[in-house]
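Some structures are shown below for you to check.
In the two complexes below, chain A is the common chain; its partner is chain B in one and chain C in the other.
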Partner chain A sequence: MLTRLPRFVAVLAALLLSPACRQPKSAVETAGTTASPKVATASAPATAGGNQKKILNYGNGAEPADLDFQIVTGTPEHRLALTFFEGLINEDPQLKIIPGVAEKWEISPDGLVYTFRLRADARWSNGDPVTADDFVQSYRRMIGPTLGAEYSYMLWHVVGAEDFNKGKLSDFNQTGFKAPDARTLVLTLRQPTPFLLHAMNHYAWFPLHIPTLKKFGAMDRKSTPWSRPESFVGNGPYALKEWRANQKIIAVRSPTYWDHAAVKIDEIHFFPIELADTEERMFRTGQLHITNEVPLSKIPVYQRDQPGNIRIDPYNGIYFYRFNAKRKPFDDVRVRRALALSIDRETLVKKVTLAGEIPAYDFTPPDLVGFVSRHAFKADLTEAKRLLAEAGFPGGKGFPKVELLYNTLEKHRTIAEALQQMWRKNLGIDITLYNQEWKVYLDSQHSKNYQFERAGWIADYVDPHVFFDIWETDGGNNDTNWGNRDYDRLLRSALDAKSTADRYEIYQQLEKILVDEMPIMPIYFYMRARLVSPKVKGYFTTPLDNFPWKYADMEN
Partner chain B sequence: MLPAAAEKIEQGNSLWLDAWLRLRKNHLAVFGLGALIAIGLACLVGPWLSTHGYEEQNLELGAAGPSRAHWLGTDTLGRDLLVRLLTGGRVSLGVGLAATFVALTIGVVFGAVAGFFGGKLDIIMMRTVDIMYSLPFMVFVILLMVFFGRNIILLFVAIGAVEWLTMARIVRSQVMATKRMEFIEAARSLGFGRRRIIFRHILPNILGPIIVYTTLTIPGVMLLEAFLSFLGLGVQPPMSSWGVLIKDGAEKMEEYSWLLIFPGAMFSLTLFSLNFLGDGLRDALDVRSSKD
Partner chain C sequence: MARGPVRASAIPTILTTLCRSASVNQKFHSPSLLRLATFIPMLRFITSRLLQSLLALFLVITATFFMIRFVPGGPFTAEKAVTPEILRNLEAHYGLDKPLWRQYLDYLGRLGHGDLGPSFKYPNRTVNEIIADKVPVSAELGLLSLGVALIIGITLGTFAAIRRNSWIDYLASTVGMTGISIPSFVVGPLLVLGLAIHAGWFNASGWYGPADRVLPCLVLGFAYAAPISRLTRGGLLEVLNQDFIRTARAKGASEFRVITRHALRGGLLPVVSFLGPAVAGILTGSFVIETIFQIPGIGREFVNSATNRDYTLVLGTVILYAVLIMALNLVVDILQAWLNPKVRLET
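Right after this comes the complex of A and B.
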């Protein structure tokens, strides 16, 4: 697929705390740091007025970079976008497609033309109707070459969008975004894209209230005051009431949302807390109902003492070590394979990471919408030793000095220490560890100034494609210096496949290439642990970690 | 005075013997000295005697409390805490002593020279100190790392090179006060050289503040080492140091209290001992205190 722009997505870094860092895009994890908790006086929960309001206090991980969702990239922002906006379609808690602003849609038999019919009662929070032209104008802004939205590649499936985005096409009317009337939106794609509807539940595809934007300055300007609470206009289940920087964001039920009767919680307060320990403390004292993380060492304690308060769910991402294929000794595929085959992932997840992560022997999370890799490798110490000897380092003799980079976070260090020891014991090679703060680490990664490093990748939408297109040669998030022409060719052909079965067949071949060449070393597939108060009903973590709010409820 | 000394009264005691005799009477100081020697020896020899290695993991065991096999328990990766504590002690004590020695040497000489000569030389030297004070420490360390790569030796140098500034100021002010006293006048009139006056007559008189400040510097440096290690500029895993162990232990203290208690106790004991010893030494070395 398309992307080679820097999408920052997923890299994830760290899990626990996140420094100033926003997690990059879909990336989900945040990086941790020593940043002090900015908790600020947590307001006393609840009960205002006579008829008790239902207020949910939610740990959102970090302060959003902005509420102009076309120019942000992190997961805290993603959750807020789903609170204040709704796209053409929506997803239920099982991630099944359900109608959003569009009440119905048709897909042409060749899969290239999508016609959406917008519902008549879709309203902005200021009362204006949501029109097809709002969508077209929003998309025009999103892919405008001057806005520089990192996620613009999400829209490149549409005819002409990539060229317009790169400035090769200046006439927006030649792109595939069309609004024949106020309630009809037509998208013409350049290739059939079977997962398009799923990808559309991402804020890159959400509409903006164009008149409000225009009131506060040119459309292609970032950070104009339109996204401040006084002027903010959205179309989602909640409206923005207050944004106290570094303290909290208050969302109130929006009376203009078309499905407002289904929304049960009156207010959601988002707390930007970066330290898992702080969150845990606030949870214990009842100041938070849902946390963003759970401190590693507290997971077993909660599982033992209060199993009703902790939820651990699959999370659509992979934790891996990335090799720099241009640096010795990792330019040799035998060395990469030897390292990947010689660690004990079962013990690692059982004894170190503790949240029931799934050991990774391939490159896509297990049973991802029906895709199961046939080419998983196995841990095989004999083979690993043979490969290492073949590469010229029998028993680890003569193995060059190798440094593993990780971003500063307790969990990553612990994992790295465990693996370091496994390699020393199993292969006789010595690895030095060093860490960098989140932003420095990202910089080293993007400039490929490392030998090998820890990394993570979280899906933007549920489809195996998202785990294959990052390894395209020179892709914006590839960062390995690894590339394979056959791989690129197959990857592009995947979207033209006639059926899902055919497409998955192509992914199997991609898996085979990855297993043979091992540009990265899979370690485990994520699980997401959260503390959730029993007062919250119907909330759980979806594999994308973006739960639709209208299904959640609270008990008084 | 002790009877033995009294018998050969005409011989007189050296400054150092006097000090030692006085120090011996200070029980806390003797305790501190003993504890420091014991800790130092344990750190030096202990890791060789143990059957466990400081980096040897037992993931199956994980974090376990004290037992016969692991006297102080194990950390979350199943590593023996006692060995890690002793190995970490080598790093922490090493950094603490080495950096303090560097700071002491540079600081005392620099401060004494500036204070003794005064005038333009003093102004130039002390403004240099002011300028170095204003360099952000982290930037300085990161610069060193960029030029020379990550290296524990550099850590000593970096810390020592910064810590001497305060020492220089303290010494300078003491020297300026002392150099006007009559016995210095006497020394001058006897024709002693400047070097002899500074090192034989002035410095022994200002040992008190120097020693007190030194005993404060050592723990400060040990903490700094932990901080740098956390940022990735100091010791790197799996090597341990007390700062690293305490930081880890603090994060896990609710579940695995021994991970904090033992390193914390060891660190505190060392700091107490240093303070007691410093206190005792100051009293013992104070030539102005009456010889009873």
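Right after this comes the complex of A and C.
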């Protein structure tokens, strides 16, 4: 019996120590991603299969919900969709529309009919040709009521799509999706939609391989295993090789992709890491080449010590506070304006948010595909005080109890505290802060059960329109109780505008209405900070925070 | 039950009593009548505890089912609100459009067949698959950490008790207090900073190669070693003052023999009680460790499922946790009766 204790200890010790001894072996098996960090930091990232193999290790934020891109909604999923699929068109790093599966297209003079000519060499990862019917069938699935796809509304621009999605139309043949032959796809719109091509680089518009879907029962069934690596078929620059849940997703260069010669990196390994601190540590040991985020406190450190490793790029979104226009005191436009005019956004972005965010004095990110607001307001303390006095609260006297809601996150609390200080100092009003867990907060927001809340909006495609249509009266994402008939009418007419210049002119009028009525208070336009290893060449990110992978390369 | 110092070293007893219980019993209480006399109350005890556990489990499932439904926000609450029509399509797909009592009965019906349902967050995976996928990872992490915790904890605690008020005692209590008061989310990143980033011996995080096991197991083991060392010290000090220890010494047993064979058996009783819930916690995963080290275990799912309002996954993980806790507490009660004659199995 006495011998048992030491033996027990020995077994445990062996269990714990053995990994250390076996480490070199694992380095070969796992090639640069997981292996001995020495290998990863000291030499080229790829050690397996010779020095030629280029492997990019990429921090992708969160575990994707699924790789069936018709039923997902997140940004980690968006980046994976652009890896494994390609739509009719594509965007280059400057967001210029370039051909994708369609080699060319024509738009009818009235802007209502889009005719796409598919390239002959477009192939699925199993070798099948990508046909126009694949697109039509995919769209049929996307807007089918049984699938319950959250992004199905992206397709509502097409005739009949909305009715079909809502179950009001049961005959799919009456919708505007048509495939006259294998290489021609025709979309008929219900209204000219000038930004349609940009919107089409969203995964809601990507095709799926119909025979693979059908292998697992009815095409519009959700939650079938078609999207697992053993059955997955895509048509993008990369093919899915491995998906280990919460571990990593391995994408390998697809030999069947029509433009495969342009794809430079052999493999991309996506790591689902939710914690910015963990990512930063993995970046330092060489486990990651690109991170999804940078811990707030580390941004100034990297900017000072290793400016070559940090990138800060514009991000297509706005951070703002939402007023509930039916709750006192925010039913009074003068109060809303007073609050918006009396904060120091420059100090806020410089001292608090730190990632070079752009102070927001209007409602669309600066120079968004050529749209620049003429109606931006200015911070104006005298005017703010005058407005507040006019509303019946001179010097903040008699100002009712106001509660600001934010979702539980350190950053939002810090920002709210800074603004709370500014209002106390500048207007003499006191604002109470309270926080709620993410989904509780969203529930309060959507049920308009708040007075005043922190919010953000990241657009799904690049066009000023996405920043205006949320403020339509009773729109699903408006949530302010604010509405304006003129605004709604102008917004609808924007899509019928004859030219981009005319359309932008309408947006200028919308800007004017928003600045005058201030249903929300813009604070800043987002920027996205990332750590990027100097080994990564030709790295581009677009304001949608995704990457045209074909342009990226790795140093050997 | 016959008494007296039993010749079994304590640590293997904890780990193997269950499987060896019959033979141990036979060896030390050989008269078969006596054996039967202890066996029947034991059987009655186990049966009654199992029934109690089933009832408790049912209550836990019911309470969880309804509580999670009453929390504001649902699985499809998103920053970008979906239109009411799309929301209806989604709810119909998952059967959420039925009345709540109906959904509850449906769930219990499926549960009866061992089906925990589909996950809301991960559409192409079922809760059964997620649990089957993640539990082994957490169990591996847990068992290795438990080994670390027991070795460090019992060793330190024992030395602290023997050399009471010496430097080793102070060292042990310092280590113990440090382990208790410094949370894993501080110790973890510190170890990563030293051993992974600066020394370059390990990866900063991940669960790929065997080397990736070392840091998380050390951190988690250290957190559990602290209470174990303090409990061992306390338990041992109490036992060391008792008469049978003096007898053992008087009979000329070596100090090593006195400690390992005679004293530890009783001295470890508090540790055994602690281990029941601790093992359940350690096996179902540590949210903090799994998050810091990016380990694909069940602990993260346990917490994230609640924030995602992934109703079925919340229930699945709660059931798993409840079953484990109940089972381990039962095991601990039986173990304690084996280790200490003063404890009676009472129902």
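The rule we apply is simple: the second predicted complex is superposed on the first by the 509 of 556 C-alpha atoms of A that agree within 3 Å, B and C clash if a C-alpha of one lies under 4 Å from a C-alpha of the other, contacts with A are read in each partner's own complex, and residues count from 1 in each chain.
Just so it is clear, a residue touches a chain if its C-beta (ideal position, glycine included) is under 8 Å from a C-beta of that chain, and two chains touch if they have at least 3 such contacts.
Small disclaimer: the values here were computed from a predicted structure and weren't measured.
Chemist: Tell me which of chain B and chain C touches more residues of chain A.
Modeler: Looking at chain A, the partner in contact with more of its residues is C.
Chemist: So, does A:410 touch the first partner chain B, the second partner chain C, both, or neither?
Modeler: In the superposition, A:410 touches chain B alone.
Chemist: Just chain B (first), just chain C (second), both, or neither: which does A:297 touch?
Modeler: first
Chemist: Tell me the contact category for A:348 with respect to chain B and chain C: first, second, both or neither.
Modeler: In the superposed model, A:348 contacts chain B only, not chain C.
Chemist: Taking the superposition as given, does A:437 touch the first partner, chain B, the second, chain C, both, or neither?
Modeler: In the superposition, A:437 touches chain B and chain C alike.
Chemist: With both complexes overlaid on chain A, does A:223 touch chain B (first), chain C (second), both or neither?
Modeler: A:223 contacts chain C only, not chain B.
Chemist: Does the superposition put A:244 against chain B (first), chain C (second), both, or neither?
Modeler: Touch status of A:244: second partner only.
Chemist: Considering only the touch criterion stated at the top, classify A:52 as touching first (chain B), second (chain C), both, or neither.
Modeler: In the superposition, A:52 contacts neither chain B nor chain C.
Chemist: Looking at A:284 after the superposition, I want to know if it touches chain B, chain C, both of them or none. Which is it: first, second, both, neither?
Modeler: Touch partner of A:284: chain C, not chain B.
Chemist: Applying the document's definition of touch, where does A:73 land relative to chain B and chain C: first, second, both, or neither?
Modeler: Only chain C; A:73 stays clear of chain B.
Chemist: Shared contact residues on chain A for chain B and chain C?
Modeler: After superposing on chain A, chain A residues 34, 277, 437 contact both chain B and chain C.
Chemist: Taking the complex as given, what residues does chain B use to touch chain A?
Modeler: The touching residues are 55-57, 59-60, 62, 76-78, 150, 230-232, 236-238, 248, 251-252, 254-256.
Chemist: Which part of chain C faces chain A closely enough to touch in the complex?
Modeler: Listed in rising order, the residues of chain C that touch chain A are 7-9, 11-12, 15, 71-74, 76-83, 85-86, 89-90, 92-93, 118, 121-125, 130, 133-134, 144, 147-148, 151, 189, 192-193, 196-197, 200-214, 217, 257, 260-261, 291-294, 296, 300, 307, 309.
Chemist: Contact residues on chain A for chain B in the complex?
Modeler: So the residues of chain A touching chain B come out as 34, 277, 295, 297-298, 300-301, 344, 347-348, 351-352, 408, 410, 413-414, 416-418, 420-421, 424, 432-437.
Chemist: Quick one: which bits of chain A touch chain C in the complex? Just the residue numbers, please.
Modeler: That would be residues 1-2, 4-5, 8-9, 12, 15-16, 18-20, 22-23, 26-27, 29-30, 33-38, 41, 63, 65-68, 71, 73, 145-150, 152-153, 165-167, 222-228, 244-247, 271, 273-275, 277-278, 281-282, 284-285, 287, 437-440, 442-444, 446, 456, 476-477, 479 of chain A.
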